[in-house]
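So that you can tell them apart, the chains are marked A, B, C, D, E and F in the order they are listed, and the count of residues begins at 1 in each.
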Amino acid sequence: MARIDGREYNELRPMRITPDFTKYAEGSVLIEHGNTMVLCNASFTEGVPRFLKDTGRGWLTAEYDMLPRANRERSSRDISKLKVSGRSAEIQRLVGRSLRSIVDMSILGENTIVIDCDVLQGDGGTRCASITGGFIALAMACDRMVKAGVLRKMPILDYIAALGTGILHIDGEDRAVVDMCYEEDSTSIADFNVIGTGSGRIAEVQGTGEGRPYTMEEMMMVLSVTMPALAQVIDEQKKVLRELGIREWIL
Amino acid sequence: MARIDGREYNELRPMRITPDFTKYAEGSVLIEHGNTMVLCNASFTEGVPRFLKDTGRGWLTAEYDMLPRANRERSSRDISKLKVSGRSAEIQRLVGRSLRSIVDMSILGENTIVIDCDVLQGDGGTRCASITGGFIALAMACDRMVKAGVLRKMPILDYIAALGTGILHIDGEDRAVVDMCYEEDSTSIADFNVIGTGSGRIAEVQGTGEGRPYTMEEMMMVLSVTMPALAQVIDEQKKVLRELGIREWIL
Amino acid sequence: MARIDGREYNELRPMRITPDFTKYAEGSVLIEHGNTMVLCNASFTEGVPRFLKDTGRGWLTAEYDMLPRANRERSSRDISKLKVSGRSAEIQRLVGRSLRSIVDMSILGENTIVIDCDVLQGDGGTRCASITGGFIALAMACDRMVKAGVLRKMPILDYIAALGTGILHIDGEDRAVVDMCYEEDSTSIADFNVIGTGSGRIAEVQGTGEGRPYTMEEMMMVLSVTMPALAQVIDEQKKVLRELGIREWIL
Amino acid sequence: MARIDGREYNELRPMRITPDFTKYAEGSVLIEHGNTMVLCNASFTEGVPRFLKDTGRGWLTAEYDMLPRANRERSSRDISKLKVSGRSAEIQRLVGRSLRSIVDMSILGENTIVIDCDVLQGDGGTRCASITGGFIALAMACDRMVKAGVLRKMPILDYIAALGTGILHIDGEDRAVVDMCYEEDSTSIADFNVIGTGSGRIAEVQGTGEGRPYTMEEMMMVLSVTMPALAQVIDEQKKVLRELGIREWIL
Amino acid sequence: MARIDGREYNELRPMRITPDFTKYAEGSVLIEHGNTMVLCNASFTEGVPRFLKDTGRGWLTAEYDMLPRANRERSSRDISKLKVSGRSAEIQRLVGRSLRSIVDMSILGENTIVIDCDVLQGDGGTRCASITGGFIALAMACDRMVKAGVLRKMPILDYIAALGTGILHIDGEDRAVVDMCYEEDSTSIADFNVIGTGSGRIAEVQGTGEGRPYTMEEMMMVLSVTMPALAQVIDEQKKVLRELGIREWIL
Amino acid sequence: MARIDGREYNELRPMRITPDFTKYAEGSVLIEHGNTMVLCNASFTEGVPRFLKDTGRGWLTAEYDMLPRANRERSSRDISKLKVSGRSAEIQRLVGRSLRSIVDMSILGENTIVIDCDVLQGDGGTRCASITGGFIALAMACDRMVKAGVLRKMPILDYIAALGTGILHIDGEDRAVVDMCYEEDSTSIADFNVIGTGSGRIAEVQGTGEGRPYTMEEMMMVLSVTMPALAQVIDEQKKVLRELGIREWIL
């Protein structure tokens, strides 16, 4: 009983990370989290935006988009409306901010990494999967640049991953449930995106009351359920990197 | 010593709310919070977006923009780049979401309220001032519609206001300081926007590690300093509404 | 009898000019002309557009916009239609042309001044108020640059101000009335915007037959009523500059 | 001595109007005025813009564009910059306003006429040629609609034509010269576009000081030279309409 | 020796078609042709564009895009330039035209099918893979609609598939080689896209001389090598449809 | 009996080429092919796009547009929809590709030629007329540059021209007819644009089955009827160039 797909409150959906899904990007993974499916490609390019010229520091930015038929209904492409959807604008800023928070820009030097997150299929948690998968693509790209002698060492300071936790009314109670799928998300009382690091800290929290405002206690409940789940996701990331032969560099 | 402008950690900047700053909008206030100055206009119009047709429910949306010379440097208008800035897109979604969270859309009926927030001068906390001032404009517009017999009663369920609290390294410690001005914001370790209600709940939290990720304890510290300060802001809102002769309707 | 607000044919609406309404622009005024309210900010920046590179000459340009709820009805923002409204395009060209006509670009050097005119409230004559207020903002910015040693002397050659005069059918006659408010404007037979200088010359006239074409005699009547009224507006400008401690520099 | 192309101060350039230059438009002329060459097409369509629905009244609007190589230098197309040039926006508003001023919209009924003015070659006076030629195209379209029984009578109340007159320093004097070519225009002291009617009235004047502001006397001088020249242009229009077999309908 | 990847002149690259790669579209396949990888999704929606209203006939349209890192170099998204690339515009018109040529629009009724072709990885022949894969997605969508009783029978009249054949200088001769990869394409003398049907006819040919114009004989050589190869591709399509349990309906 | 305008199957419409239709472009012709009327202007400018910098090679590009009232119905301008129509995008790519195919870019040097093709009136075959007329404009511009000493010799390697041939059902048979007018085009079974050179080769073929797919035999029939007709068009081009005093330079 309980969750719509039979999971425990703190149970993640199956996660599958396929590195090198495409072959040209410096780092590429297809991340599947439940039915959510995001292609994350990291591109390494020389040069930085103007505001960083001659600072010796690099930059990282992210772009996020959904294919038109990633969802139950077809949505039109941004280009047909000549506008980035507000939702995509919000999400790509979040993904960029989160991944920047664990990169040492002075090690990166005057180079720019672009993380493209294209949602092939969406079933809740696409922004979180973009961060979790984007981290792997980023690490692959940096590792390749270290091996090519372009970077003197890995510029990544910590692991980072994200989960969407909600407050749902289940079994007569308002409970925190981690890693919501779309159907859960659309009936949640409150909706939290928690971006956490390998060291157990928080890079960003966004918590929105959907059905009603929430209390500080509820927020605590959400975080205490999410942090251990995030650790599990990060273990998954470590496993993938190990299998790719990328030796642990984060202390 | 301590804060750049001599305030206590939990001390708000002076807030001045000028209702009826312009005369055509159904609700209009100029809110000044420190040097931040936002003109909030609420427009009431018949009809709803397509996805709400024939549901008997209303809608509220917000638009946010900065005048080109609201800041230290002139920035170009969105129209000259043919793009809503990502930052504005993110903020106007937040303002709309926050204000919707305290409106009963079934009382509003098939009408739409647009809250225009135009920043005349920015010195930190413009999104928070937009929410705090936008609430007053919203209440004025609803009151007018109730008096005109268009709405049968106030559709607003609770007060709502927002504050930007940061973690700053001051006096050798990482401290939570409320209502940051621009200079504080630009050197903060972490930056929280907390949107709270009159009943002491949270409508939304966005907390971002700027200098480094933060801990759950730090987040608690931020919230425990912010919630009482939000209550002060809401007292300010109540005073303004009282002076406007809008009788308290929220239980 | 006579005019809708009781004024004489040649009587101006009350004008209020608030310098330093915002604090970051090199020059800033809020001009209120009757119920029309325009925020005029002058920004001084180094460099010139490409066609003036290496000529030793500067440039001045203007941008004009209305806030969505400046008027009786809310209008959508240009960015939501991805087009500068034709009306705004026309007006900002007029404002720029007019202010350029009294600036000595060789004294300005290879610098650019942008005059942003944002209408907070519109009740007729917004383009004229933009020119009249824009002049003050321009003078404040130039004065600051002279005091800062960036400019060797004031590059402004003359005062400039503007008024909207119409031909209205009042008391059984077609009469010229100066400084029309919105209601007068919308029923006028002909509508003239006259931009005049401190030396009593004309920088630009735009005269449009709205209800019917007009005669040369009518045009003369309009001008002979407008020129003295413009002198009054320019006296107002002089007073404001004096109060700001900007010594008269125009011979 | 005198004008660059040897003309008298009040002498027009040769004007050639070729009706039916294209065959699909309800009215079509190629107007050549000196080297300026504008294709004016009038399209008659059922229906009106929303603000005129159910008023029984029609509408007329104009669009103006220059082909990329109409001028000495190739200019890029508006679409490549995704912006109507400010200049084109200003001009097409002028053309539409001028032609609307001589149309009785109640006779037109709920129909819309679009006047497309495309400059094939520009040598000064393109906006004036657009109005002068646009009038012929308009008259042809209306005549066709009367003959087809769609309109019960000609909705045109008067002739309308336009000329660009300038103040030029020639032979040691500041003189008014009519129908400036591009080279004259680019060295003029002041530049007037005068739109006049068959009854000798003025539909619109736009007079801009280019080199310096001008006096009322100079403006009078300009008008007194322009009005007779406009009468000549209107005679030309009458001749063309007569040759097309459109009987005079204007009293 | 000969082709860069060791293939015979008339040998196809390995083709892999994965139906139901995503789960929400009415028809979905991932088609891999060599290293080219295109996700083709068919969306079935009620209603037709305006020009088909009340005709009883349906419509099919295609959209084509490349993910930013589908290629060796990252390319920016169309939305960041606010323009559909000319290349994409050309290709999506070709894909739509080709697929429409084998659909009976009267059987489709007033419904619209959109074929989204998103290139995940590009190595030559992406437009051809879009047509070949798009056909399968289309057939899956139609089959589902027949089974759901929305369509009374399959509206598809024939198979359709596409191949890119070039004229290459190999082994001292100008030879026709089918199914070029990117490296072949970029050095080809001429480049043909041939879209053929199950009945051995041609829906469209586009043949471009890249290095030099070509002769009619060369064009014949290209076609005679391409047509049998297209038959092989169509056999592949039949196999996939059979495995999906879609019974042959084309006579 | 047979063709709608009485022509033989292989008979061209009358073609009229007016060189120097406008005077500023380096090369300018008005080409009239039947009722189709296209103004082709060639602009020669220094410099090349970035991808050709420092290669010593030049570039040629084309732009194609239709005036709003070139057709039976008025169509709106691209700028009013902020999108280049897909059709125009496709055509201008074809025109550019075709004309590039006969230019030796190393003789052109680091210069760019833009061919602007603006359709004043459309009656079928506008893209073909753009190529045929564009060639003349190109040759005129190159000749002028040779005469001015900017180019050391003509960079044009061959003549190029285009014709639209269709398969039409006429007199009980499916016949190939050259140089279709609009009415023929809109009822054709298949539609071929054939771009051929002076040496009898093919620069590009685009053949689309409109009513049904076509056979290789039909394609051969189309080409064998089109190639001699193209030779006639090229004879026409030679005559025009001779009359312009441009001596034959193509061997």
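For the reader, a short list of remarks on this structure follows.
In this section, a residue touches a chain if its C-beta (ideal position, glycine included) is under 8 Å from a C-beta of that chain, and two chains touch if they have at least 3 such contacts.
Everything numeric here is computed off the predicted structure, so don't read it as measured data.
For the pair subunit A and subunit F, chains touching both partners: E. Centre-to-centre spacing of subunit B and subunit F amounts to 60 Å, using the average Cα coordinate of each chain.
Work out the mean CA point of subunit B and of subunit D, and you get 51 Å between them.
Mean C-alpha positions place subunit E and subunit F at a centre distance of 28 Å. Multi-chain contact residues, meaning those touching two or more other chains, occur in subunit B at positions 82-84.
Taken chain by chain, the contacts form a single closed ring in which each chain touches exactly two others. The chains touch one another to form a ring, and the order obtained by going from subunit C toward subunit D and onward is C, D, F, E, A, B. Contact residues on subunit C toward subunit D in their complex (touch as defined above): 82-84, 86-87, 89-90, 92-93, 97, 101-102, 158, 196-197, 199-209, 212-216, 219-220, 223, 227.
On the side of subunit A, the complex with subunit E involves touching residues 21-25, 28, 35, 37, 39, 41, 43, 45, 63, 65, 67-72, 74, 77-79, 82-84, 114, 116, 118, 120-121.
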